[in-house]
Amino acid sequence: MNWITIIPEVIIAGTALVIILLDLISHKRFLPTTVSIGGIVVAAIFTLTADYSTPLTIFGGLLTIDGWSSFLRIILLAVTAGVILVSGDYYAKLKHSWAEYHALLLFALTGMMLMPSAGDLISAFITIEVAIIPLFIMAGLLKDSRSCEASLKMMLIGGIASAIMLYGMAFIFGSTANTNLGEISLAISSMSEVSGGLMLGILLLAAGFCFEVAAIPFHMWAPDTYEGSPTPVTLYLSAASKIAGMAIIVRVFTTAFTNPQSLSAEWGIIFAAISALTMTLGNLLALQQTNIKRLLAYSGIAHTGYLLIGIAVLGVSQGQDGQPTLLFYLAAFALAEIAVFTPVIVITRYLKSDETGDFAGLGQRSPLMSLVLSLGLISLIGLPPTAGFMAKLYIFTGAANSGLLWLVIIAVLNTVISAYYYLKIIKIIWLKEPVYTEKISLPLLPGLVTILTATGLILLGIAPYLLIKLAEGSVIILP
Amino acid sequence: MGILSIILFMPVIGALLIVLIPASNVRLTKYTAFVFTLIPLMLSLYLFGSYDRMSGGFQFEEFAQWIPAINANYHIGVDGLSLSLVLLTTLLSFISVLVSWKTSFRPRAFFAWLLLLETSILGVFVSLDLLLFFIFWEIELIPMYFLIALWGSGRREYSAIKYVLYTLFGGAFMLAGILSLYFTAGTFSVVELYQTDFSLLAQALPLAATFFLFFIGFAVKLPVFPFHTWLPDAHTDAPTAASIMLAGSLIKMGGYGMFRICLGLFPDEAQHYAPLILALAVVNIVYGGAITLKQTDIKRLIAYSSVSHMGFVLLGLFALSELSLLGASLQLISHGLITGLLFAVTGILIHNTHERHIKKLGGLARQVPVLTAIFVVGGVGAMAVPGTSGFIAEVTVFLGAFSTSVVSSAPVFTLISLTGILLAAAYILTTLLKVFFGPPKPTFDHVHDVTLMEKIYCGVLVVCIFAIGLYPKLIIDILEPVVASMALLWGG
Amino acid sequence: MAPGLEHYLILSAVLFSIGLFGTVVKRSAVLILICIEIMLAAVNIALVAFSRFITPVELTGQLFAIFVIVVAAAEVAIGLAIILALYRQRHTIDTKKIDLLKW
Amino acid sequence: MGLQIAFWLLSAIIVGSALGVVWQINLFRAAILLIVCFLATAGIFVILSADFIAAAQVIINVGAVAILIILSIMLTREVTRGSPSNRMGLPAFILVGVFAVCVIFGVITTTWSVSKVPPTEPTTAALANLLLDGSGFVFVIQLSAIMLISIIIGAIVLLKEKE
Amino acid sequence: MSNIPEILIWLIPGLPLVSFGLLLLVVRLFRNRSVWNGYVAIMATAASFCLSIWVLFNIIKSSEILLIPGFDWLTLGNVINVKIGLIVDPLTAIMLVVVTSVSLLVQIYSLGYMHGSKSFNRYYAFISLFTMAMLGLVMADNLLVMFMCWEIVGFCSYQLIGFWFHRQPAARAARKAFFITRIGDFGFLAAIILIFSSTGTLNVMEIHSMAAAGLVSGTIITWATLGIFMGAMGKSSQFPLHTWLPDAMEGPTPVSALIHAATMVAAGVFLVARMYPLFEHSQTTLATVAIIGGITALFAGTIALVMNDIKKVLAYSTISQLGYMMLGLGLGGVAVGIFHLFTHAFFKALLFMGAGSINHSTGTFDMRKMGGLARLMPWTFATFIIGSLSLAGIWPMAGFFSKEEILASAMANQPVLFVLALATAFMTAFYMFRVVFMTFTGRCKSPVKPHESGRIMVIPMVVLAVLAICAGWFNATGGFSGLLVSDKAHGWLYGIFGILSHPLAWISLLVASGGILLAWAMYYKRWISPLKVSSRFWAPYVIFSHKYWIDELYEKYIGQKLLNSGLFNLFNRFDSIVIDGVVNDIANLNLSSGKIIRRVQSGNLQLYALFFLLGVAVISILAMLAR
């Protein structure tokens, strides 16, 4: 029973092992891609066919598999599939570790897929580590000095973050005598007051999580790492690992710390403050960037800020609302990131430059990619008719409903700031005259990804209820 | 799918078709744009004719569930005001296509954006659901950004981004307002909100705050001092067609929004803060007019004159009497026609002479008599000379604003804003003098006069201006039920 | 008087703080890694102390500590691998000199 | 009483050696001090009647981790250059001080629900039961295995010479 | 009155409108220069004229007021209901005849005067439109419709002054005329608004009856009438809004004759007359009207003394006479003012035509370049003399009677204004005969050989000359005051001669002859050298010839310095520096703060760690606080 419920993760981990083993036999380029896509598809089929309408607690409470888990599994699988499909362009650079790259991607995926289901501090900790350690390695896979630096920065800051998080967990454990999230919740609600030790534990834990999602001031590794990593890994970091991080924050905080109301409101407000800080500084920092990856890193940080609004809402409303909203935003964000990164990967590889200035006249050199890139950027701004608009609308609606209107106003003003730098890219693409005029061809697989994501962005922008319905069925049901 | 939806989405379909046409086939592109703006125009004329003026209210409503989770629906419909604005928009879009007939720089993209712009503006006017309204409100940014930034002139990129950021800024406040309303009343439907008594509900925000959130959102668009500085830049640097759409139809979204939401939903707040807003209106009129006098670029001059003219809209709206509301609505439509004409003819002028600086132009009346005549008509409308729609609109605003019994300070503001007419005369007469009259300059000896097509589309606008000016019943009939029911909010 | 829970916790806090301080001030990447190890050791002290005083029978804390040790070792391993890979490129592990990526 | 002496002694050694690690310029000596620190920590674990953890600490941390560190220090030839501190000592000290004070304050002011029950001893068997009796921790062990595999792959990939 | 079909009355303004439509809107009907343009306009006006005459006789016969209800035009529920309807009362009937007759004659005259001009159709189109609007103005029963016609009249004036738009002075004069009359319209519009807001109607008759019933408060009436009078001041070129009229002489002379002498400038007088029932309720306004009128009369007269341009003299004379009319209205009532309007229309139109005729043959308006034209242009000379005598107020010319009425009412009411009016009468006689002597007597200084104008120009002048003589007798029959005041006591011969039994008639004749004699002495006999006079009285001479520096005050000081480069410039700078500046500053602040903050992202890992530590420290403080 236990193992069957996590069969998608088992399949993914198994696929990773198969890839390693196959690598001993054959070094064909498409072999790892095919196998991993195959594994992902199988895992997705298993996820989709299983019924998780009632939460299943397995491994003695270490994991809770429910709608929330399965929804995020699907998102993560989809993102990973996207990353794998667009990685083909990086074959030349990653040839020496092509199979390992895929294996690591899938190992990380295993961890990430389990993160949203963590039902215990120990499993939370371990799944995070399982997810993040392959990312350290992948960031350094190019093995040049920038890539290694990216990896080192992430690893060292990540180590500090792990220690801080663990310290927080230790305090939570000490205060509640439990590591199981449900039990912790019960223990806290039976307390007469929230002690200093517990509060310290909760907030240190939050700090550790904030590293994961690159929230200010725990974000500083992110731009450097994003810039130095291979671009598909950047995409993976900014989409998948952020999504998993958000998911685990929601899981842990809603399950364990929603009672009593005062506690819930307190961390809600603290997340709100971090959110305001994150989006404002993220956007301001992005304003001056000329390196596209770095710019997207800061934009990603700003989006962390918007996502944290959802967490703040969860806190303030005691976990009542906000989960479907957050799920929708995560999906929209993932789509937009893929839509933006896929062309960026192809183009930067072709141009051998990450500078936005070199994108001049791209609209004439590769209309389809430029169109999808622009669409993705528009979605990131949050303009209709894209998924980004609906996502922001939902999240702002939720925040306004919870009395966080001040945060909404900060957020929408931030949208205005962000429009400036996103539009700057759009402007360069469409308005500047190209230096060279030969066409940039779009390879098949990334082409497929761009078209799919673009369709998804528009579809969700016009008919968001397609996903919202699903998301509403995928909330964490509190005991 | 009702007629209204067809009007609304026809341009988008046209835009998609245009994208599919090969880039080399410019003719087909143009004719597609022509057809797909002509059909909405015809249909909206049909709607205008078949609108039931006796019963008033929202008609041709269409309803479909859209996002049930937050009770947002695809709900569209028009009343007299929005139908008039729809007609104005379809007309100006059609004219914009004709105006751009000679576009040679990437015509495919140009017409596609233009058509998209039409849909987004129409969407704002027909939406009866605040969320839908907001979406169309924001969508409009993208086409306009490209139209200004790609086909514009001067500091076009600066102007385009300024326009977008300004509008987003306003939209930010508006969104907050929409959300606050939604949490107060639990619906996005304008029709339901009209029937809601907010004072009985727990409010997400104080109503006055919500009112001002909306007000700022619309004020940026209208534009109201001190949020107006995007307008001269955007209008000046936009291509002619975009200028026409901007001045003729797009900034009307602000006035329409104020009418529909600021007044319709917050009558008490509107009344309470009316003196403040009327003061802003007076600033708009006088200050805007004074600045217009100082402009040396002919397009910029017309752009600033819009600031002044939109002040009359604000004056009429917030004087809160039936007559003043009628005046404001008339002014919205009349200004759309007049400024549309002025921008169209200025576009021809700049295109033919390659000169936009007033000081360098001069004595053109002899060389381009027809163009001069058309400009004179536009100018006369802007000056509110009787016979033109501008006169009807502004006089109605004055009569209504002065005689209002709702806002006690309105008469004083009305008297001050009368000077706006003087200022308008001053800048229009001076422009005519400097650009068209006086000794002809040999440099412009070979300037072409207007072509037949230009004559036709200018002629259409001229006819509309005079038709409303001479027989205002044409449009008052359809506006009457709207303003009458609105005026009931303050006791008729 | 036998040392109570607080004593161990304070010891842990002091050790953790020293480690944290070290991560910020030591320029050598290896030493930063060492300091992280010190922090993890401090965490373990806290965990084991809690286990001893709060759940003496269930041993949850100790179980946790085992995994912490495992992860700590793993981090060191991967950390050193990264440091070595970087060293091959740059011939230094001084963080002050590792600033190609900035702004 | 003996417990008390042992605690204070070990605490002094731990803090002292940790300070030494931070203080020490010489990398090699720092690594040695780390071993001391780990050993003393193992001592603390013994006092806390966590014999298995103490053993694991000695075997894994001292026996493997510290040696690995020393090896890599040698590989990177950083010994000669030492490990100077940067100029962020003062702000770091202040912030760490704030942090420490807060934590200690929190520790002191919290009333911990200390259990009077005598601890389980020896722990090895009990832990083994916990880990492997199917209550779920097997799963965590499996995860750790995945993590270790990825580390092995990663280390190989990172340190493999480019062809 | 029921014997007049309504449709025919509608045709009076309707026919010129049709002509306008044919000429301007159906552009291809005639070629630009074709005289057929003129024929169409003339025929339309002639028909209107006939109808007007017929209406006048009917009115005289039945002495009724005919109200034609018309149709809804601007309606909104029961809030506002503007109907386009017509009033035909004696006042209107007289104005109809004045307008159509002068317009007809001017149009005929123009056929000759404008011969060979380009844009014939534009000329006649706007004349037609003007005629229509002027007729509409006098017939309208509604303030708003009146205002519309009022403005259209102004617009036509603008178009016709600037008819030769390629000439800079003409173009500038056109702008000035339109703008300054608009200042007056500001008051008119304000008055309309005020009246509407206090009575709820714009119908003239209803307003009058409400005012008569005492339903409107005195203050409102005062303000409203002052506003209306402000409008009248603008159109009728009263001090201090008079500056546009002399400049308007840049237009074609027939236009000056029609618009700037006979009809449009008199519209202000008409307006006051039309609203007289309201004015009667405010002594303040009536006094204002009289005083402004008196001042204007004297003031413009003084300037006319020293002008050398024949049209400028006539222009200032017109201003002066308009002042006279206002004086008459303010002191004596409708009949007094309108009577002078009536006679003035003919002789002033005549004088302008004469000036045009002279210009047509000499090519100049400067009197110093003329002389001795009497023999060369006998018809022009004869008619001009008649016009001048009429204007000077010599018995039995028309001007004598109307002026007499004004002087009489001034003497009865306001001695000070009477003295003013008398002085004006003296000056009028003087400057008119200064013109006559300078132009028609002495040596011919013209470089080209002057000749008499063609028949087409002379005939209208002769007709007008007859009217300039006879128009005054109309009242002497008691007809005029009978029409307006309804008093028919004496026969018409008694009227013409009996007036001489009044001592006032002799006083005014004396004064006028004095003026003529002085002019004769100075400009014909040269007994007194004009140069010596001007150097003796240099101070007034300089002031008069600089027109009291009012143009400079307006244009240079108020227009240019105070407003344009002062206030408006300030606004403009404020807008671009402060308002737009703040916006750009906010944008730049964001950009530069981005620039500063990114410095933190220095690439140094330990700085990152330090910030991490900062975050942790802050959080731990928060934890302790939140505890």
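Letters are used for the chains, namely A, B, C, D and E, taken in the order the chains are written, and counting of residues starts over at 1 for each.
Simple rule for what comes next: contacts are C-beta pairs under 8 Å (C-beta built on N, C-alpha and C of every residue); 3 or more make two chains touch, one makes a residue touch a chain.
What you see is a predicted model, and the numbers here were worked out from it, not measured in a lab.
The chains touching subunit A as well as subunit B are E.
The chains in contact with subunit B as well as with subunit E are A.
Using mean Cα coordinates as chain centres, the one most removed from subunit D is E.
Averaging C-alpha coordinates per chain and comparing to subunit A, the farthest chain turns out to be E.
In terms of Cα centroid distance from the overall Cα mean, chain B ranks first. Separating the CA-averaged centres of subunit A and subunit C is a span of 26 Å. Put simply, the C-alpha centre of subunit C and that of subunit E have 96 angstrom between them.
Subunit C and subunit D, compared by their mean Cα positions, are separated by 6 Å.
The distance from the centre of subunit B to the centre of subunit C, each centre being the mean of the chain's C-alpha atoms, comes to 65 Å. The set of subunit D residues touching two or more other chains comprises 86, 88, 92, 96, 99, 102-103, 105-107, 109, 112-113, 137, 140, 144, 147, 151, 154, 158. The residues of subunit C that reach two or more other chains are 9, 16, 19-20, 23-25, 27, 32-33, 49, 54-55, 63, 67, 71, 74, 78, 81-83, 85, 95-96, 98-103, listed in rising order. Subunit E has residues 587, 598, 601, 603, 605-607, 609-610, 613-614, 616, 620, 623-624, 627 in contact with two or more other chains. Contact between chains, as defined at the top, is found for A-B, A-C, A-D, A-E, B-E, C-D, C-E, D-E. Against subunit A, in their complex, subunit C makes its touches with residues 9, 16, 19-20, 23, 29, 32-33, 36, 39-40, 42-43, 46-47, 49-50, 54-55, 60-61, 63-64, 67-68, 71, 74-75, 78-79, 81-83, 85-86, 89-90, 98-103. Contact residues on subunit C toward subunit E in their complex (touch as defined above): 20, 23-25, 27, 32, 95-96, 98-103. For subunit E in complex with subunit A, the residues that touch the partner chain are 587, 590-591, 593-595, 597-598, 600-601, 603, 605, 607-609, 611-612, 614-616, 619-620, 622-624, 626-627.
Across the complex, subunit A is touched by residues 66-70, 131, 134-136, 138-139, 141-142, 145-146, 149-150, 157, 160-161, 164-165, 168-169, 171-173, 175-176, 179-180, 182-183, 204-205 of subunit B. By the touch criterion given at the top, residues 152-153, 156-157, 160-161, 164, 194-196, 199-200, 202-204, 206-207, 210-211, 217-218, 220-221, 223-224, 266, 270, 281, 284-289, 417, 420 of subunit A touch subunit E in their complex.
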